[in-house]
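What follows is a pair of complexes built around chain A, which joins chain B in one and chain C in the other.
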Partner chain A sequence: MLRITSITLHNFGPFKETQSIDLSKKDGVTMIFGENMRGKTTLINAVRYALFGKVLSRGEHEMALHKIGNWEAAKDGEYGFKVILEFEHDGQNYTLTRECKPRSGIEEPKTDLDYTQTHYLKRGSDVLSPADCDATLSRVMPEQVSRFFLFDGELLQQYEELLMNESEMGQDIKEAIERILGVPVLTSARYDMAELKKEAEKKESRTAQKDQQTRELGTQNAAQIEQRTAHEKELDRLKKELTGLKTTKSENEEMVRQNEKTKALLNELENLDSRVKDIDARNKERRERLASMASNAWCWVLKPALEELQEREQKAMATIQSNAAQREFSARVADQIEQALSTSKCQVCSQKIDTKTAKALRAQMAELRAPPQKDGEASLEETVARLKTLREIAGNAGGKDAAIELLFTIEDAQVERTQCQARIGEIREKTKDLDESKLRRIMTAYDKTVQDIAIVDGGIKKEQEALKEIGENIKRIQAELERIGGADLAKERQRRQLCASLGELFDKGVGVYRERLRKKVEQDASKLFLQLTTEPDYASLKINENYGLIIVHKDGDEIQVRSAGAEHVVALSLMGALQRNAPLEGPIVMDSPFGRLDEGHTGRIVKALPSMAKQVLLLVYESELEPQFVRNTLKGDLLREYKIVRKSARHSVLEQSKG
Partner chain B sequence: MATTDKNTIGVTPKAQKILDQMSEDKAFADQMDAAKFAMSIAIRRGAKVGEVNGAGTKWNVGSFDPNGDLRNLLPIIYPDLKTPYRGLESLIDSGLQIVAQDYLKGGKFDLATALKPAEAKKRK
Partner chain C sequence: MRRTTKQSTPRENAPAGGKHSDLHETIEALRKDKFPKLPKALVADILRIESENLEDRHAAMADLNEAIENYLSKED
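Moving on to the complex of A and B:
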């Protein structure tokens, strides 16, 4: 079992100069309290750096080493950093030192290339050779399984991916789980048997080629085996390429995820820009339409006046016509009077007209003959002409409402444009320091990787099909050789068949071992889960093919949707179960695992910590977990307490507060 | 008052500036349409016809009023008007002053309000 006994840091992150944590050799929990930005995650990274030479960001990306050294020390001209990890393993004491310092001749390093790294491992007082050092470290703590020992509570939700069959991250975690559980011991044996079987097949072909009777078949078999080797090589190459591409994809994915918000802003910006262009184009077209309509705008304005004028002119015309009729009637009456006067006799009643009457009639006739012309009265022709003008102009006054509607549409679009422009301004302000082209490059690279993965996947399928066909050919040739071959060939065949049988045995062994492990992990995780959860209606956890765990209700139903808090509890149950079933034992170093949990769950987890691993190092902030609460809960299982104290924004100090 | 009518009409430099602002948003196909619109606004507001001092020679009346509609209309509205194109020139000038005062908001011509003041006001 790996047990860390001390961690010494020199100018690592905020830990300026040399600072140490000594850990008890007893089983139990060590607490390290520190507020945000004091260096809790940095402490996990210090252990990771010592063991693997890597420092990871929260997104699990490797960080530039140039950024790891203490900033205040760098200001004083001291660059680089060092971590010394003392630990016990299988009864031996080890001291691992890893250091990163500027290359000779470089006074002010600017990038990782300006640094050199060294590491060495002492067993007792003996310094191990580089090869022994690396072999020992990979035995003590293989990097591939380190995620189960050094982990960030915030990333526990990753284990939800195990419930998704197609998830790449889920596949990675599944492989790591099988590694920690020791499955590769059997899968490697299965692989070795397959290789031995291939060797036997080659020998069988060579032997067949030596015999006249089987030469032809032997040559055919050798050719098929050669083809198979070539296809296998290509398949391996493609699989490696696929792994590389998937790594690139997940790295890009992480960057894309980190830049998701920015990406959303840039997409919004793009949409807004295109909306503004669209508004401009539409308004341009609308304005042209409006301008062509507006040549009659003066008629629209005058329409009410034109209507009034038309009414006035119509009245005038009626008056003129009425006056003309009156004049005609008067003329006719005057004519009749004139005739009566000329005959001195009335044309209607035949009475004679006396002198007095004749005088009166003459006066009346004169009056009728000369009706007074009214001043300023226009002629009928003039009035008709005016009406015609007015009607013609009024005829052009249509389309006003449509024009106004168009104007309002233009106005609305302008308002929307102004709003778009304001938002564009906001986004530009927010993203002014952003390297937009870099983000676009990431997106393009991500898209290209996805396409490449599809191509390589296709290639893999083709190779697998080719291998299947070749395998069938080989089987057919081998059956023929079995039928006609002699004693020498029978010996080689037996060797091949033995390797094949052993291969099948290991294959079955892998299946059986996996199944047992899954059951065991399921049982232990369930047991731990029931200790950790505060929900009395939950009965157990059910494991799937990928080691994903599903909560089962006491009525037998599977809980399909679970909260982030429940996800945490399930992930911690899995961690505990893996620790119990792994051949490899080590400390659990956990960073802020309680952020999403309520007091009830937190208490139960703290209580369960000593049963999860023999050595637990817990890094928390005080509002996440009250020191007194931990003391009361853990009692004798709490071995030591440390506190990370702020000296300045770039300088933290480790202080032992208890133990 | 002059007894002969004009063959060319124009606007004063001050009125030309207003005309330019009216044309900025391209609400009208050309300044001739904008000037006719200004004239109609002046009529709607009951402007009197008169003489304009300093108006240039911007448009030929044959182009401005190809069918003679305005020449015929203005004496109907203003019965005492003997020289319709002089009257037209003065109405354009008055109309542009009204536009400047009421329909140029922040230097931008508000055609909607000029066309339908009540509706435009309600909308805003």
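Moving on to the complex of A and C:
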């Protein structure tokens, strides 16, 4: 196991001059508290620099060496930096020194080219040769798996990529996981045995060619092997091409997805534009109708008065009609009296009319024939005409409700138009930099990649068929050689068969070991996850082919969407499980792992830290994790406490506060 | 410079960490079950060579060749 015993920095980042952290050789946790920008990430980078000669930025890009040295020291003319890492591994003490200094003759370095780097490793008091130094370092801590030992808590969400098939980062992480778990030992053994078997086959052919009896078969075998090599080369090339095409396809798919979103936005824009035009046209027509209705608006105001006038005119007309009927009746009666007077006989009873009666009748007749009193009485025609006009006007007064409804419709349509315009604005903003020809190019490229994949797939199948046929030919020739060959050939055959069997063993072993590892990682990660999570309804974690972990609810359902905090807890569970199952043991050096977590999860993780690795170095800021809380939680497992104290913006000092 | 196991001490040759035993156990169980004729020591030797030489394929091939050659010569 690798255990860091001290880290010494000289002018590294904000750590001016020489400063050290001494770590306990006991199992437990060392805390380093420091506010933002004081140099917590720099400390991880110092370890990374010592081991691998690299310094990474937050985005995991390699940083220029020129930017790493202490700025105040550089101002005083002292350029460059140095890290000394002391560690124990398998009972041996090592001191690793890596230094970066200006090249001789360069007084004021400006770029990385102005620096030179050296490193050496001491085992006890012996300095190892450069080859042994590098070999030891790659055994103690291979760079490919360093992500599981030195990590930034903020980047833990990367592990979600393991849930996505064909994700490039997911594949990288999967390879690193398999590496830390020791799978490459088997995959390399499988590959090497296949290579050694091929070598043995070639030797077998050469030996056969030397003997008169087996020469022909040996030559045939050599030719078949040569053909097989050519097909294998082509198959390798095609497989690489396929991998490249699949990567391109997955990149294109992302762009196509974006493209589809954009296409949907453009369709929406088109629909909205047409809707706005439709609203405008309809409202124009509605407004014209409303304007026409408004020309009679005065009628709506006069409606009550009109109704009163109409009533009055109707009454007047009734009076005129009644008077006219009365006059007609009087005239008829007067005519009958006149006739009776002219004959001096009653028209009804034929009695003679005496003088007195005749006189009375004449008086009555005169009265009946008297001209009618028409003072103030309008003519029937005039009244009818007035009533007609009044009815026409009253008819117009009835359009008021329809006009109001029309007005509301116009207003509603206007509101809809405003909403459409707002959405149009949003879409135009989103698509302002849109290059439609680029979209078309992406779609064409995607279609072409899909076609190319099909072609390469076809090529691979063809090569595999050819290889199968050649393999059968070789087997047939080998069987024949076995039948007629001598002792020399038997020895070569034994080598070939041994390599073939070993290859088969390791081939099967890869599958069996992977499956066993997956089960163990799943079990250990689940156990740790249940210790870390505050959610009582979660039952376990389920592992996928890529070592991605899915949360399983106690009802058996898989939790499809998880928060950043949950992602963090799952990633830490994976880290812990890998540490427990990896052949390679080392310290966990973690930077700010609690930023996304609530108090409950933070407490549980702090409590679980000592079980995650034998040596844990935790770098946090105090508001992320209070020192007293850590002391109370870890108790005896808290070995030492350091604090990074600010001297200036470009100068931090490491101070031991406990232990 | 090619690194071989001959240059290393026995301590260096030990598989990194204790959990390589899982890998060895898995392969040994498989060997016993499916490939009983394969020599146990040679299989263990191959795993050791591979775990020590992951970064150096040339060294791995040379050591593997040597291990197989030694085994075959002993068989003779």
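Basically, the second predicted complex is superposed on the first by the 357 of 659 C-alpha atoms of A that agree within 3 Å, B and C clash if a C-alpha of one lies under 4 Å from a C-alpha of the other, contacts with A are read in each partner's own complex, and residues count from 1 in each chain.
Just so we're on the same page, contacts are C-beta pairs under 8 Å (C-beta built on N, C-alpha and C of every residue); 3 or more make two chains touch, one makes a residue touch a chain.
Computed from a predicted structure; not experimentally measured.
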item: First (chain B), second (chain C), both or neither touched by A:189; value: second
item: Which of chain B and chain C A:495 touches, first, second, both or neither; value: second
item: Chain touching more of chain A, residue-wise (chain B, chain C); value: C
item: Touching partner for A:508 - first (chain B), second (chain C), both, neither; value: second
item: Which superposed partner A:325 touches (first chain B, second chain C, both, neither); value: neither
item: Which of chain B and chain C A:136 touches, first, second, both or neither; value: second
item: In the complex with chain C, residue positions of chain A that touch it; value: 1, 90-92, 131-132, 135-136, 138-140, 142, 182, 184-186, 188-189, 192-193, 195-196, 491, 494-495, 498-499, 501-502, 504-506, 508-509, 512-513, 516-517, 520, 581-585
item: Chain B - residues contacting chain A, complex; value: 25-29, 33, 36-37, 39-41, 43-44, 69, 72-73, 76-77, 111-112, 114-116, 119-120, 123
item: Contact set on chain C toward chain A in their complex; value: 1, 3, 7-8, 11-12, 14-20, 22-23, 26-27, 30-31, 34-35, 37-38, 42-43, 46-47, 50-52, 54-57, 60-61, 64-65, 68, 71-72, 75-76
item: Of all residues in chain A, those that touch chain B in their complex; value: 287-288, 290-292, 294-295, 297-302, 304-305, 309, 313, 385-386, 389-390, 392-393, 400, 403-404, 407-408, 411
